[in-house]
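Next up: some structures, all given as structure tokens.
Heads up, the next two complexes both have chain A, just with different partners, chain B and then chain C.
Showing the complex of A and B:
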């Protein structure tokens, strides 16, 4: 178990290092922050001074090494725009993002899983067809389209809810629904097929053949098995709690990490972009690690060091 | 049959999406009797027993009657069926590895049946599960209770299945190809176990198999199915001495002889008709060397060639003369 954990941890760190390197290369190659942040008519001396101040005049490999060294010592750099620590800047936005993504995740789980299970248990019924129709609709409509549609109906036409901003809980309703619907649709479809797969297994028939009541067959025999593949996709959703709101935050002008990322990329605010990507990679990798551990808990066949 | 039947199928028919796969099966099992159900894959032998216990998916249309000790159990209320299944009639399946739940410990799966049918829980359920494991010959039973199915071999898993089936102290055990997925040596062990248990517990047994050898070894009586119909039913000794239905004769002729010169095995020409495209007459007529025009006109009615030997063939009595 310890060996397994160590191995996974090393892999996690490598993954994050890879993401950081990739972000570094792409950002440095895609435009000069000095030109973007300074005004167009800034004197060349000022631009040069800016470059020198941020170390942009050094060779790329040297920048990379000092950047990596800084990260290793816990320094994620400062924003080129307002000079504050990138980590502080990003950290300020996290609660706002979580205020959208956590309720959205609850909607995904609370709506998607029961809908998928119900559809599987009533395969080919009208309820199944309705759930699957809604699910296909839910994940084929892009979130910015759904977001705009909801704004049009509930903000513009009906005037029930605000179309953007972050002043009260009412401002969160539309973005949370926008995010929740797509995820719930994906999860419903996934849960349904996982459940159908399991219900067709021989051990379900065995359980019925030994006299287990159907509700108990579903709860005790089918669900624990269907949970195994479903956990993967839930892990992915948990992993995108930080970064999953880029589009929706932009549509609803919600001041979260996603909006910050969009602005920082536009400005080539290197430290901020890199800080966000690092955070995203870290949450994703952590979620994956938890999923791997959960697999072991859910499926004895995947358990290491078992009694075999 | 002098005693009242334990279980009686009458006119049991099964259809999937408009195609009838089983056409009116009449069959009775006496208490403690071992009946072999023989036929090739797809002839309806497994489906018949799944239907009898209400284990087919909802899309299957099942008609007729299934009486257990005089009580109708076909389309019975869920509570009735749950009491019957595992309690009075238990069933084991072909592939033990996939018939056991991979995420539950073996002991727990057996204890579930003990709780449902005998109200045992906690330590007493565990003790009884261990006793059952010992009974079916699982070595190191106490430790195996905590194992998962993937940690045991196929043969051991089938023993667990049998232990689980015995948990409810059933009057009838339906074994659906219980040895097909196992090695030949293990096969013999499992068959011997089934026979011993049946003798000791006085339980009736339905052994579904495509293997005549297996049936000959274990069963008192043989029922042969072809294309969803019962074509021959007789005491095992009489059946193996001289099957009357041309299909059953073909099955016997296809067995390799143990002595004499090597000769190519005899195969029955042609294939089993699709359930949706059965001939109007006898389903076997197109493959039958002895078929007559009358055979293709209407399905044959079962007739008794002796008091306990029924054959669904128009010419059954001619065969008896020949034999």
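Showing the complex of A and C:
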């Protein structure tokens, strides 16, 4: 177990180092933060002063070393646009994003898993076809299209809900539905496939043949075995809790991490982008680790060191 | 007899609706693409068009520019001004001006506003690449770019002399007939010294500078919203609105939806192709039009093909500017008479014009230049400016008709356009006239200007003409120098060619007694909100 965890930790550190390097290379080579943050209307002298103040006039390799060295020493840097520590800036936005992504995750789980299980248990019925039709529609419609449609209907036409912003719980309803519907559709599809695969296994037939009640077969044998691929997808969803709402936050003017990321990338605000990417990488790595541990809990063969 | 304490206690016992009824003024919400590009509201740092939109509501200059009606300067925090000599202007300060912190404006506040404390001194050696340092975050020293901005805004500024409590003198090192005009820019806004001193850090000051405008900053959350509340002690009388909330809604469709859903009263930066659709809604209207900004195409004269001025001149004649105005702007803007505005007054060159659309002349110039069809790259941003990409397609087709081989290269940001790299050719730009004199627009084409700094274009004759324009005090000499600048920059050795005057459109709820200005600035003061303002 210790070796397993150490290996995972080393891989996680390596992943984060790669993410940091990738962020630096892509952002730094594709735009001058000084020109983007000061705006093209600012006097060239002011742009040059900004560049000097932030060390952007130094050779690129030197900038990279400073950048990496600061991170290695635990300093995530200051926002070039905002002037405050990047971690503070990002930390302020996390609650707003979680206020969307956590309820959306609950919708995904609460709708997607039961719908997928039901569809699998009633394969080829009208209910199965309806669930699959809605699931395909749900994940093929891009979230920005669904979001704008919901705004047109519920904000512009009916006037029931606000079109954007973050002033009250009512402002969260449409973005949460927008995110929840797409995720629920994905989860329903995966759950159905996993369930169908398990339901076709010989041990399910054996259990039924031995006279075990069908409900017990489903609860005791089908669901735990179908949970493994579903847990993998849920792991990804949990991993994207921090930065999984980029598009939706933009459509609904929701001031979360996603919008901060868009603005920071547009301005090449390296410290902020790097901070968000590190958080996302850390969340993903942690979620994957938890998923790996859950595999062991769900599948006794993995606990014994066997392979799936 | 009622004491102040018992009155306050009584007020506290009043039911909330009774208190709310005390202020019947409306509150409005304005949906904008962005509130500020720098994350601050300090004019010494925030230099963008979007920042200029909100600043007049909370900050004021000694001399104001009336962008809504006359396009002329008018008294602001100074009631009168006179020239002492070519280097000195004396201003009489308005009495009874209160800042948002309640303090009375004094000559000392004016001196502070133009002092090193706000303008910044020598560029601080604050190098710290991406590294957070508590000292910097808590410092009251303006960032180095602030001092650079102040130097660009007042290039020969020497000092402010406090003559007496109501009189100050601006001293310049060089003769400058534009000093009064320069004072109308946001860089010339006056702020409370006490407010600055009370702020814990420069950053916190820059987020909520204490000015004297009709509205005070109640809350500013970068990338989210800016809430302004009425400053009831405003020298011009009680402001007509209780509060103004600017909300950032980057997406055009989302801004229109916010307006239609009643979540916003104004939606800014409407592209022309949306105007018809918005006006079909009987509850909504669209205002706006031409502003003090001109769209240009810039040439890099160091590109091997563009090095020949005849090629550049040919390009200026192969542009159907009127077609761009008619097709892409629905005729809601105009082709300017070169890089100049009528509000330049006596400096305006009425007999100057943009190059005429003449394909035969363009072909003749290309033959004379010996052009053999070599490719000319056109680095293009995707609609950074309204209608930029379709406008570029019109340009390229015109150039193709003249026999020019112009290749569009899409770029993501300005760094990829203005950086020094091989193959840099043509790019788009715009030019804002910050005040009513050609120096405001022409200084870009002299040393220290963007085209010189980025190495796109330099011209020694233009440098001399600009120096004369900037420092001469003789009107005829200055007028001739401006004419020479136009000749050099637009004909002899084209640095740019004008395309059309820029325009900005604001969608709003019908019936709101507000009028759009001829700049990015939005005026919500008593001068522009009320029955007398009418609707344009």
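One rule holds for everything that comes next: the second predicted complex is superposed on the first by the 296 of 308 C-alpha atoms of A that agree within 3 Å, B and C clash if a C-alpha of one lies under 4 Å from a C-alpha of the other, contacts with A are read in each partner's own complex, and residues count from 1 in each chain.
As a working rule, contacts are C-beta pairs under 8 Å (C-beta built on N, C-alpha and C of every residue); 3 or more make two chains touch, one makes a residue touch a chain.
Model, not experiment: these values are computed from the prediction.
Undergrad: Touch test for A:45: chain B only (first), chain C only (second), both, or neither?
TA: Second partner only, chain C.
Undergrad: Is the number of chain A residues in contact higher for chain B or for chain C?
TA: Per-residue touch count on chain A favours C.
Undergrad: For A:10, decide between first (touching chain B), second (touching chain C), both and neither.
TA: In the superposition, A:10 contacts neither chain B nor chain C.
Undergrad: Give one of first, second, both or neither to describe whether A:209 is in contact with chain B, with chain C, with both, or with none.
TA: Only chain B; A:209 stays clear of chain C.
Undergrad: In the overlaid three-chain picture, which partner chain does A:102 touch, first (chain B) or second (chain C), both, or neither?
TA: neither
Undergrad: Is A:53 in contact with chain B, with chain C, with both, or with neither (first, second, both, neither)?
TA: The answer is second: A:53 touches chain C but not chain B.
Undergrad: Per the contact definition in the header, classify A:26: touching chain B only (first), chain C only (second), both, or neither.
TA: neither
Undergrad: Starting from the residues of chain A touching chain B, keep only those that also touch chain C in the other complex, and list them.
TA: Shared contact residues on chain A: none.
Undergrad: Provide the residue numbers of chain A that touch chain B in the complex, in ascending order.
TA: 201-203, 205-214, 220-221, 224-225, 228, 298-301, 306-308
Undergrad: Give the list of chain A residues in touch with chain C in this complex.
TA: Interface residues on the chain A side: 30-33, 35-50, 52-56, 58, 63, 66-67, 70, 75-86, 148, 151-152, 155-156, 159, 162-166, 250-253, 255, 259-260, 262-263, 266-268, 270-271, 274.
Undergrad: Give every residue of chain B touching chain A within the complex, in rising order.
TA: Residue list for chain B touching chain A: 50, 53, 55, 78, 81-87, 90-91, 93, 95, 98-104, 112-113, 116-117, 143, 146-148, 150-151, 161, 164-165, 167-168.
Undergrad: Touching chain A in the complex: which residues of chain C?
TA: Touch list, chain C to chain A: 37-39, 47-49, 123-124, 126-133, 136-137, 143-149, 151-153, 203, 221-224, 247-251, 253-254, 257-258, 260-263, 412-416, 418-419, 429, 432, 448-450, 452-454.
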